[in-house]
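Everything below concerns the one structure shown next.
Each chain carries a letter (A, B, C, D and E) given by its place in the written order, and its residues are counted from 1.
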Amino acid sequence: MADPYLPLAIVLSSALPGALIFFLDEEFHRLRTALNLFGAIFKLILVGWMIWGVFHGHVYLSHLELLPGLELILSADALSVLFVTLSTVLWLVTTIYAIGYLEHSPNRSRFFGFFSLCVSATVGIALSGNLLTFIVFYEILTLATYPLVAHRGTPEADRGARIYLAYTMTGGVVLLTGAVWLQTLIGPLNFTQGGLLSTAPESLHPQFIWIFFLLLAGLGVKAALVPLHGWLPQAMVAPAPVSALLHAVAVVKAGAFGIVRLVYDLYGVEFAYGLGLLDVLGAFAAATILYGSLKALSQDSLKKRLAYSTVSQVSYIALGASILGPIATIGGLVHLVHQGLMKITLFFCAGNYAETLGIHQVSEMNGVGRRLPWTTLALTVGALGMIGVPPVAGFVTKWYLGLGAADAGAYWAILLLIASSLLNAAYFLPILYRAWFRPPPPSWPEEHRFPTRLETDPALLWPPLITAVLSLGAGLFAAAPFSPLEWVRLIAAREYGP
Amino acid sequence: MLDPLALAVAWPLLGALSITLLPRWAAHLGILAAVGATLSALGVAFAVMDSGSLTSELGGWKIPLGIGLRADGLAAAFLAMVNLVALGVSIHASVYFADSKARHHFWPLWFLLWTALNALWLARDLFNLYVTLELMGLSAAALGALSGTRESISANLRYLLLGLAGSMTYLLGVALLYVAYGSLDLVQVARSLAPGPSSAAACALMIGGLSLKAALFPLHFWLPPAHASAPAPVSAALSALVVKAAIYLVLRLWLDLFAGIANASAAMLLGLLGGSAVLWGSWQALRAERLKLLAAYSTVAQIGYLAMFLPLIAAAADERGRASLLVAWVLLALTHGLAKASFFLATGLVQKTTGHDRIAELGGAAQSLPAATFALGLAGAALIGLPPSGTFFAKWILIQAAIASGQWWWVPVIMLGTLLALGYVFRLLARAFTREPTPPHFVTSARAELSALLLAVLAMLGVGLAARPIANLLGV
Amino acid sequence: MNLFLFCFDLLLSLTLLALAVAALSSRDPRRGVILFITFGLLLALVWARLRAPDLALTEAAIGAGLTGALMLGAARRAAPRFDSEDSR
Amino acid sequence: MRPPSLLCLLVPLLLLALGLSLGWALGDGLKGYSGERLAEVALELVPESGATHPVTSVLLNFRGYDTLLELAVLLTALLGIWSLGPAAPPYPPPGLVLASLVGWVVPLLIITGGYLLWVGAYAPGGAFQAGAMLGAAGVTLTLAGHPTGGLPAEPWQRLLAALGTLVFLLMGLGLMALGSGFLIYPKGIAKWLILIIEATATLSIGVTLIAAFLGGRPMSLRNRSR
Amino acid sequence: MNPEILITQMLYGCIGLALFLLGIGSFILHEGLWRRLIALNVVGSGVFHVLVAVAYRGLEQTPDPIPHALVLTGIVVAVSATALALAFGRHLEDQNDHA
């Protein structure tokens, strides 16, 4: 028996508080915080309930038929649970961080309202049961993140937000066209394990190829595939919690998640392989990985370096999807979670440096490890994970991707992984070296003292520590039940069948 | 025997008359009449949803002799939307005109317009339609000139004259139909309509006259100045409702009256005009320097989408495809009605606060009116066609029909139109995010701001997600 | 067939058309309006011949008379104001 | 500002083509004329309508709803004119001859109006013609220098202008409330109901036409709003 | 139907059409409120003329009352619109004067 309310409730648990927050007067600080935290924790509880249910084989399905063939579906399969859980956990953490970060800045009601809508949209994307629903939430996500990127109101923020909007909305329109075209050919596009297209008549195959490119272009914009990545470094003007959310959970990840859905649940990985589409995807992914890493090398701005790192890292997910075989699939999917945990840690840390010491550039980071040891420790965990040093979670990803590539005979991918890891090391290790081993300067650019014994505001300190511990844990206990890896194995097993 | 259809027309007319007699109590009587009219219209809509279409023969004479009123699903859907919008506009206007000299004149004219609108959706008599069109045209022009500026008077004078020319053309078509078929009842004439020179000429005259009133490209030139210069609540009604009425009649005549003779090439012509309107209107909106002009050009574009449906409806493979296109048409029109009304109301608030509506100088002003800006944003999103607005689903169906029927060239038009719309809406919204702090309260004038905001929320969340009940109402 | 009546009809119609053309092509507003009034009166006559006396009466009173008076009145009021404006 | 000459050439040609096709269409329609039925039905039912003159029965009974809305159009025009501004200054007082002529013409017009109204039930005439006569009387008075064309003060003008529509509408609603249906006149009293409607409509039409001729809102409202 | 009646209807109907087209042409080609208003009134007269023509059913027979009623309504509507348009025009002129 299907439970028709739980998926909807999960989406609404952040959307409704978000809508309420807009109406709050600016000085209702406590009420706003309470609403935020209530929404986040309530959502976490609901998601916990859903994990338990999905594990025990319950079916969750909210649906609303608008017109014949036009149906909104929210449902929970193993893949959506993975993404929902990631978003929900990281949202809670980021909310705490954002409350600390934006303590004294103006327009908080507006900020938190859109923040909540943004997460609702992400969760909606995760739970979408068909492409129509996916697009609905995908566009809402764009709409909700635009004000967050533009939040600071400076000319740069305005510019960054416009570029962001131009890219993502064009992508959205292309995606819409592709989706409608595909639906015209084969009817409603419900996400189905193993794909929908393999039974379609042969004569449609050329059209399928074109449609794949349209859909990939639409999704690739958000996933920042080269050459559609141009918005991402520009969007760095957003406040740190927004960047964290954008890179780890919401926008970029939504694009990557969409590619995963496209390959596995619409086309079907084997069908896509048969049409030669996986090679194209792989080529784009490979180009993106290398390009992102190379660009990251030359960035002095810490956030920009992290941004290009995101460009590169998110394409591991696409890379995993582009290699046929369950092991590579596991590598790609598990990176959805791992990259999120590690990257959000890094962005929290970057935010702490900026907020506590006024540090924005890598070159200013000499000796910050002594002033902010805990933050820097979290940064170290995240960076090492990105490079792929065991036992942090990133290692698990690279290990499975490499194994998968070897299994499928895609040796170029192994070379790519090695090259990419070296590049990762080349742009992360200098940061760590500076932070720990260089002497601190006599004074920091803009130091801000918080009334606490800790190194910085507790709301800023705890979130990176928590996510760093989670990244470690995901690597250390990868074999434990309910770990991301185990869950992804379940998904891969279902996709490829017994 | 209580006649809900006659009541829906009588309420606003009674409101207009009582305000004419007692101008001192205009605002109170106005709200009373607005609520009454809205309730009666919603009553009609619910009755239609319950029991299918309603017909009444006024004066108790059988239909070819007496005048018939008819509420089918299409009419009921529009009736409900229009009355909700009109209620919102009334509530807004009660604040907007509160201390203006125009208030004595606004209310009675506004209810006369409302009467015309309700009468128009319900009419099934071709000559009665002419009378409602004239009532609508005269009251709309008079309302549009209420701002009293030179531009508004000359723009609305032009609108009045062109509207007259349009309705006279329509009337000649009616005369030809009466000559050939000896009846004025839409349904009866449709039943006996046969292809031939007189029906073709009547079709061309009636559709042509209405296209002028509907501002279909290239007959749109009167619209932007007229709508941009009227007082904001009036602009809202003009752009959201009055133009909609004319394009609704185009569709109504096309599908109900001229179904027998409306051929694919004529439909294609209208579609091409629609496509040009989409591109031209959106482009002009993108270049507009004033907020209200932007909104007015956006209306030109939206009317274009509505005309674009005609060739696709003509080419629909089966009844199901036709029905879903019809639903999409209604979704688009209803969403645009709500969104455009909200957009104009919010624009009026901005204009009142800043004293102007030049887009380039808006910065900060938008910031100081969070609720109005929010309404602008939501309404703008609905105009672009972002989900889950009705426009989004309508475009989905439109693209699907274009691909399915092989008329793929509409797809780039729709894509481009959407992107241009995105451009003009966000050109505006980008100015809302300045560094100035927001005022401490989200809402400053509840009646004025919430009416705009609620309409925008309805446009964004109401129409699209209610596609199922709307489809049921349309009986498909 | 009544040839006499037909010739009468034809004559009436042509006069009507000629008056319309004259009214439409006149450049002087007042002259145009007066021609238009004449046109309306003739139209009323034609309608009387077509067995529509109600309409003839209405057209003569409203279509020609009042419309003409409105136009003439507006023309007449506009003119002196221009004069006084100039002399001030 | 003359329109370009190309337009001057193109428009007549287009219109000529349009005219030919319209003429063809009209001829086609007339030859295939199947519309006798409605005229026959209408003429047949005239005795039941409460008026013996066919046009009056159509206007006020068969298609009374059109006439109701038409009165609303008239009211709209007047309200629109009032919304634009105050009335123009009055005409200068006339010479003696004209004044005495006016003294004859105005009562004559009013009496003619009354006659037309009464006769409309069974012969050509009716509310519109009668109203036009009232209007003509008012216009004559205005031209003779009367500042308000014989109209009363503003509240009364409002009442008179709205009266026709109001009575018509209230009668329709009242009949509906009494169980008869909107604008369905009971057979026995139809004649009297039509006469009441016509009488009030005549007043409204006349007053509206005069007020429209004055071209702006009456003085009293102007004073109040200033 | 009696051919004589048909010819009369056709003759006057065509005159009505001609009036309509003349009016439209003048409306398109000529600027200025006066000329446009006269043009519109001629357009209206043309349409009414068509209606009166088709209502005609011979000298002996009562004509069709329906088109007659329509024309009556139409005339009143036309005069209302003309009056309103003239008021618009007068107001524009006033504004010119004050400017």
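The working rule: a contact is a pair of C-beta atoms (placed from the backbone, for glycine too) under 8 Å apart; a residue touches a chain by one contact, two chains touch by 3 or more.
What you are looking at is a predicted structure, and each value in this text was computed from that prediction instead of being measured.
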item: Partner chains shared by chain D and chain E (touch criterion as defined above); value: B, C
item: Labels of chains that are neighbours to chain C and to chain D; value: E
item: Minimum number of chain-to-chain touching steps separating chain A from chain E; value: 2
item: Most remote chain, CA-based centroid, reference being chain E; value: A
item: Chain at the geometric heart of the assembly (C-alpha centres); value: B
item: Pair with more cross-chain C-beta pairs in contact, given A-B and B-E; value: A-B
item: Remotest chain, chain C as reference, centres from CA atoms; value: A
item: Inter-chain centre distance, chain B versus chain D - centres from mean C-alpha coordinates, in Å; value: 29
item: Between chain C and chain A, distance of the C-alpha-averaged centres to the nearest whole Å; value: 78
item: Chain centre separation in whole Å, for chain E relative to chain C (CA means); value: 11
item: Shared-contact residues (touching 2 or more other chains) in chain E; value: 13, 17-18, 22, 24, 37, 50, 54-55, 62, 66, 68, 70, 72-73, 75-81, 83-84, 86, 88-91, 94
item: Multi-chain contact residues (two or more partners), chain C; value: 54, 58, 62, 66, 70, 74, 77
item: Numbers and ranges of chain B residues touching at least 2 other chains; value: 127, 131, 134, 138, 141-142, 145, 153, 172, 176, 178-179
item: Every chain pair meeting the contact rule; value: A-B, B-D, B-E, C-D, C-E, D-E
item: Of all residues in chain D, those that touch chain C in their complex; value: 55, 88-89, 116, 124-126, 128-129, 132-133, 135-136, 139, 142-143, 209, 212-213, 215
item: Residue ranges of chain D touching chain E (in the complex, touch as defined); value: 1, 3, 7-8, 11-12, 15-16, 18-19, 22-23, 26-27, 30-31, 33, 35, 38-39, 42-43, 46, 54-55, 57-59, 62-63, 66-67, 70, 73-74, 76-78, 80-81, 84-85, 88, 128, 205, 209, 212-213, 215-216
item: Sites on chain E touched by chain C in the complex; value: 3-4, 7-8, 11-12, 15, 18-19, 22-23, 26, 30, 32, 34-35, 37-39, 41-42, 45, 48-49, 52-53, 55-56, 59, 62-63, 68, 71-72, 75-76, 78-79, 82-83, 86, 89-90, 93-94, 97
item: Of all residues in chain E, those that touch chain B in their complex; value: 13, 17, 20, 24, 27, 33, 36-37, 40, 43-44, 46-47, 50-51, 54, 66-67, 70, 73-74, 77-78, 80-81, 84-85, 88-89, 91-92, 95, 99
item: Contacting residues of chain B [partner chain E, same complex]; value: 127, 130-131, 134, 137-138, 141-142, 145, 150, 153-154, 156-157, 160-161, 164-165, 168-169, 171-172, 175-176, 178-179, 184
